[in-house]
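Lettered A, B, C and D in written order, each chain numbered from 1.
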Amino acid sequence: MTQTDKTKPKAGGLSRRSVLKSGAAAAAASAFPAPMLWAQNIKDIKIVHVGQSYSTIPNIAEKANEDLDFTVEMQTAPDLTTQVNRMLSQPKSLDVTDVGNTTLKYYVGRGFLQPLNVSEYKYWDKTVPLFTSGTYPSGEKASMQGYAPIKAQYYTGPDAMEYSLEPTEWLVGMPLYYNADTLGIRPDLIGRPIDSWAELLNPEFSGKVALQDGTGVGVPDAAMALEAMGDVSYVDKGNMTREEIDKTIEKLIEYKRDGHFRSFWTNFDQSVQLMASGEVVLQSMWSPAVTEVRTRGVECVYNGMKEGYRGWYIMMMPMAHLEGLKRECAIEYMNWYNSGWAGAFISRQGFYNSVPENVKSHMTENEYGYWYEGKPATEAVLNPFGKVMEEAGVVRDGGALWDRMGNIGIWNTLMDEDRYLVRRWQDFLAA
Amino acid sequence: MTVSPKVASWLQVAPMAFVFTAMVLIPLGIIFVVSFLDYNFAQVFPEIYMGSWQDALYSRLTVDLYLTVFKFLLITLTITFAIGFSLAYFLVFHVRSNGMRLALLAAAAIPFWTPGPIRMVSWVPLLGKEGLVNQALLGLGLIDAPLDWLLYSQFAVVLAYINLLTLAMLGPITHSMAKIPRSLIQAAQDQGASEWQIIREVILPLCKPGIAIGTIFICTAVLGDFFIVKIMSGGQTNTPANAIATELAAFQYPPAAAKSVMLLVVVVILVSVLLRFVDIRKELQR
Amino acid sequence: MHLKKIAETPDAPTIPAQPTVRQATKGHRFDVELVAVTKRYSATTTAVDDISLRIPRGSYCCLLGPSGCGKSTTLRMLAGHESVSEGAILVQDVEITTLPPIQRGTSMMFQDYALFPHLTALENVAFSLKVRKVPKEERLKRAREYLELVQMDNLANRLPNQLSGGQQQRVALARSLITRPKVLLLDEPLSALDPFLRTRMRAELKRIQKELGITFVHVTHSQEEAMALSDMMVVMNDAKIMQAAPAREIFETPENAFVAKFIGGHNVLVSEGRAVSVRADRCRIGAQPGMRTAKGEITMIEYHGPFVQISLAGDSGDDLTAVMSDAEYFAQEPRIGDRAAISWEASSEHELVA
Amino acid sequence: MMMTARGRPLSFYVLAGLMALLLIFLYAPMLCVYILSFQGPDGGMSFPMVGWSFHWFEVLFEGTGGHGIGDVPNSFRRSVRLAAFVSVLSTVIALSAGMAYRRKFPGSNFVFYSAIAAMVLPGIFIGFGIALTFNLMGWTINWWSSGIGAQLTWSLPFGLLIMFIVLGRFNPAYEEAATDLGANARQRFQMIILPIILPGIVGIFVSSITSSYEENARTQLNVGLGNTMPMEVTGLLTGSSTPVLFAIGTLTSLFMFALILGSVLLMGWMARRRAARSEL
């Protein structure tokens, strides 16, 4: 798997620009039947992008194929496991991948991804500093608890097998989008404001709370709550020691035995069902799921907690086997993805794009104001498919981008003691 | 023909033998080997590590996992047997027309043509706190507050198993029972046996092969299931197959492999015990 | 009448070994010869043990014996559906021991007829021609002729499950005959029929055999059937041939105690120190001067209409049977439990081989 | 009891009631699927119904028309392609193996118990094993290699069992009779065995289609590029889900139902044609 593809060199020495230009020229001159070699070449190229249902949306693929001279095929993995398995076992079956930060540790030194040079990515200068330097726009250092963006943004060199905490010119990938998660709340069923993660384990809500079923999200959520309650103290709750894991799991087992948890959800739909049906009143949740509950006419809020949000991000990366013209195209496609249109599309689901500037020009003022700036909606806010999500006057829970992203308590994580944690998580599920 | 019968049989069975060797036996061997290797972060290292087996063999977790799954298995077997046997008796001895019998069996099979994940989603509008069942019970004044144990509970898991597997018991028992000659029943009646005695002394023993086949189906389905138990218990119940799925999802192959081999051994022991009661090949060829 | 028509039909040129009725007139003496044939399934189970048999040309031969005696295995070896462990089989002087069924000049009619359920009666009969690629028109024409022979032409287009047992059998017979066998093999062909039909079919079989003049080898466990049909009767027991001879010879001079007992109507007893058989109808109740006698107790009296059969448990341990005319019986009226003697002429005794 | 009484005994009514309850129990979740698939455009995944419409079916058929429903048409195509290959292969392989089992041969137990093992092993285990094997051998996972192979481990054991049933009921005298009448091995197979066991073969074919179309645990890791229907449905659940899911459920049920009804009708038609021909 580590060896590079040794297929015949295609458009060897030609620079990307010239190739793309000639491609465009060919497209412009397509009235003439004369065979345009490069145009043909570029038309024959197909970039396979494998992601999940939140990034590989048919509408985006359609737009990409409209805008670009080569073909883009989007393939949606049914879940993260399948996607990572595919990357691990058949890396050559895809060209571009996008994955969440909890899996990035798996790829260090495995050789099936390739670095992206800063110069190849057009929007690096416009990217939010969270990714470029690990800071908030204020210059303040962002939380390093959990798998923070800066932990997997740079390679130490072009052929490096490890990530660098210091900026280099070799990017692990292109940050796609990110968000600040908090607890989903049913205010109508609780009747008072919720402002601390501690409430997740409040006996008042026994039998009415749910957690995400997994060590990357569920455990950080639980750790936020345990720490807020003062039950367990952590050095780094995003990267626990064995003792901290033991304490965490033992506490959680106590809660579970008392019937505190209603359910552990594994997918988006379950979390929506749980909340919308009133099975639970408080749970780990994703922003679009909260929106989905609200569009069903059920009250649901998603305000920040005083201990901060749980942050996460998605990285888009080129596979190692890409070379020559195909690599040029893949990188062109990645650049396109963050050039605004797709970012705006995804932002309408409640996620943030890493280049807000580009997105802004593809959103209405109302949309950008609502999603990014914490302004009250001046008119109805629509989801990407044209369905009304919020009426005029509504303000996004938690406010503006940096009100939310500027207050991260923990990042989704893959701990160093992952092996031990998964083993203890099994004990928790079996208890 | 120059080919001897033995060679002809070998040629005919070769494609199947190939598929099973390549797709079942070799993977099995590899899983076995992998279970002894070291691992971390989605990687397996070619170094011997016995930890996966120690954990699989000696931990409290294993005991808990198997206790849970055997509890499910026993309850499911008991109920599906009770329903399956009664209804097989009904179909064979009460339903008079052959067409009606087939129609009823087919009717019981139709719901299974809807994809599994969708079937699972459909329990929510039915059993949830605001689901049809709770609304009906509330409407009838039978309960004051919605029952929350209808969904995301062990009850829900067993209910889904029964829903899914009753047919697996009903089918083979009906097959066995239909082969009992009517004259046998009449002979027993002539000897003065009551309906209940006939069932216990004549029909039940003669249905043993069907019961054994049904039991094999259900054992393997329940022991191998990770999907239903996860969805229906709301992820709150862990079984051996589920533990394997969790570890596969965390890319921790060696412990998953060790647990898989262990589960396989358990399944094989169960099935080979059951196979003592029935020669599947003979039974089917009758 | 049917015979002529069929005999004149020319053979399909593609099959050199095609048996014809006319061939039966060639100069061989035996249609079937078994030479020291043995069938072993394993070291310990021997189904047929070193039997030899010659069946003369154009005879109706019945293999008779209790179940498990090896008669069906013998037939199946003849047909080529069972391999021969040792020995040789000849049909009309040609060794066929290892030939495939179709090259043997035999044709088998199965116990349950084995009519192909998806083919009509006509298609069943035409099957062997179809596999030899005889053109459709011709094969159907010839199949129809054979259906006529068995008087089934009116039901030619029925499927087997639309036919009665007797009708199925006729079709099966036609299907076997259309291959022009030198020897037709019948495996308990009448056992599935009711007694009335059985008698009729029996006559039919005999008629067809006579018309075609080929050898029929017929396996049965009914001595009545065998006696009624056979030119040659072969009694088998325990994997061996006990006696092979014309029916009358077997009945009058059974070779041993088994044959005498199996074909029935015989008393097997010890007289003057020799094992003998005496036909029951040559015995009478009551001691008679100058005749040999045996004493015993009456155990059973069966009224058969024209005669009455009396069974005794002989003092020597043998079961004894005598037949009386009804007039005689009602004159004496012996009862069960009475002591009685039976007597017979010394000349009626037939000495048995030990 | 059953034969003596003129009227129905009490047990009949009790058991008939139980049968009805079972059917209700089996259909209840399905009916939710069927009914909810006609949910109005503003309705959600649970009751109450917000009007009735074909909206979600339209959304489904618009495909990439912009409602974020993934790539159902292509997944369906992939599943159908897979099911087509798997069902043909299963039928041929199981038929051939079934023919082998008409004789005793050394190794028959090995294959038979492999089949039993393939049937009873947890699917996730086999799927994982195959993926791991391909990975270690350096072979590429593909729908036509590992994908079909993985699905065959699920469909073949049932195919073999059906063959046992079919050939167990096949009267060997038919074949002997055909031999007697001069048919060679190929003719016996084509003219006698095949037509007689045809319903069983159709049975293997249909059961293979359904088991292939439904299979997920074994397929998921081994199908290579692109999703199959069950994967797509699971994938849809990871995003904002709509009654489109139920529309898929309804259509799939209809599709399967049509398939089975079709094969039953086909066999009925064949039987009738045979009967009609015979009444000449």
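We take it that a contact is a pair of C-beta atoms (placed from the backbone, for glycine too) under 8 Å apart; a residue touches a chain by one contact, two chains touch by 3 or more.
None of the values given here were measured: they were computed from a predicted structure.
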item: Topological distance between subunit B and subunit C, in contact steps; value: 2
item: For subunit D, the least number of touch steps when starting out from subunit B; value: 1
item: Chain whose Cα centroid lies nearest the overall Cα centroid; value: D
item: Pair sharing more residue contacts (C-beta pairs) when A-D is set against C-D; value: A-D
item: Distance from subunit C to subunit A - Cα centre to Cα centre, in angstrom; value: 89
item: Centre-of-Cα separation between subunit D and subunit A, whole angstrom; value: 38
item: Length of the line joining the C-alpha centres of subunit C and subunit D, rounded to whole Å; value: 52
item: Centre distance in Å when subunit A and subunit B are each reduced to the mean of their C-alpha atoms; value: 38
item: Multi-partner residues of subunit D (each touching 2 or more other chains); value: 45-46, 234, 237, 241
item: Sites on subunit A at which at least two other chains make contact; value: 85, 88, 269-270, 273, 277
item: Interface hub residues of subunit C, defined as touching at least two other chains; value: none
item: Interchain contacts, given as pairs of chains that touch; value: A-B, A-D, B-D, C-D
item: Of all residues in subunit A, those that touch subunit D in their complex; value: 48, 52-54, 57-59, 61-62, 74-79, 82, 85-86, 88-90, 92-94, 267-270, 272-273, 276-277, 288-289, 292, 296, 349, 384-386
item: Subunit D - residues contacting subunit B, complex; value: 1-4, 8-9, 11-12, 15-16, 18-19, 22-23, 25-30, 32-33, 36, 45-47, 92-94, 96-97, 99-101, 103, 105-108, 110-112, 114-126, 128-130, 132-133, 136, 149-150, 152-153, 156, 160-161, 164-165, 167-169, 185, 210, 214, 216-217, 229-230, 233-234, 237, 241, 245-246, 248-249, 252-253, 256-257, 260
item: Sites on subunit B touched by subunit D in the complex; value: 1, 5-6, 8-13, 15-17, 19-28, 30-31, 34, 83, 86-87, 89-91, 93-94, 104, 107-108, 110-111, 113-119, 121-126, 128, 130-132, 135, 162-163, 166-167, 182, 185-186, 189, 194-195, 198, 216, 219-220, 223-227, 241, 244-245, 248, 253, 256-257, 260, 263-264, 267-268, 271, 275, 280-281, 284-286
item: Residues of subunit C that touch subunit D when the two form their complex; value: 79-81, 100-102, 106-108, 110-112, 114-118, 120, 127-128, 130-132, 157-159, 162, 175-176, 179
item: List of subunit A residues in touch with subunit B within their complex; value: 80-81, 84-85, 88, 103, 105-106, 110, 207, 210, 213-215, 256, 261-266, 269-270, 273, 277-279, 414, 418-419, 422-423, 425-427, 429-431
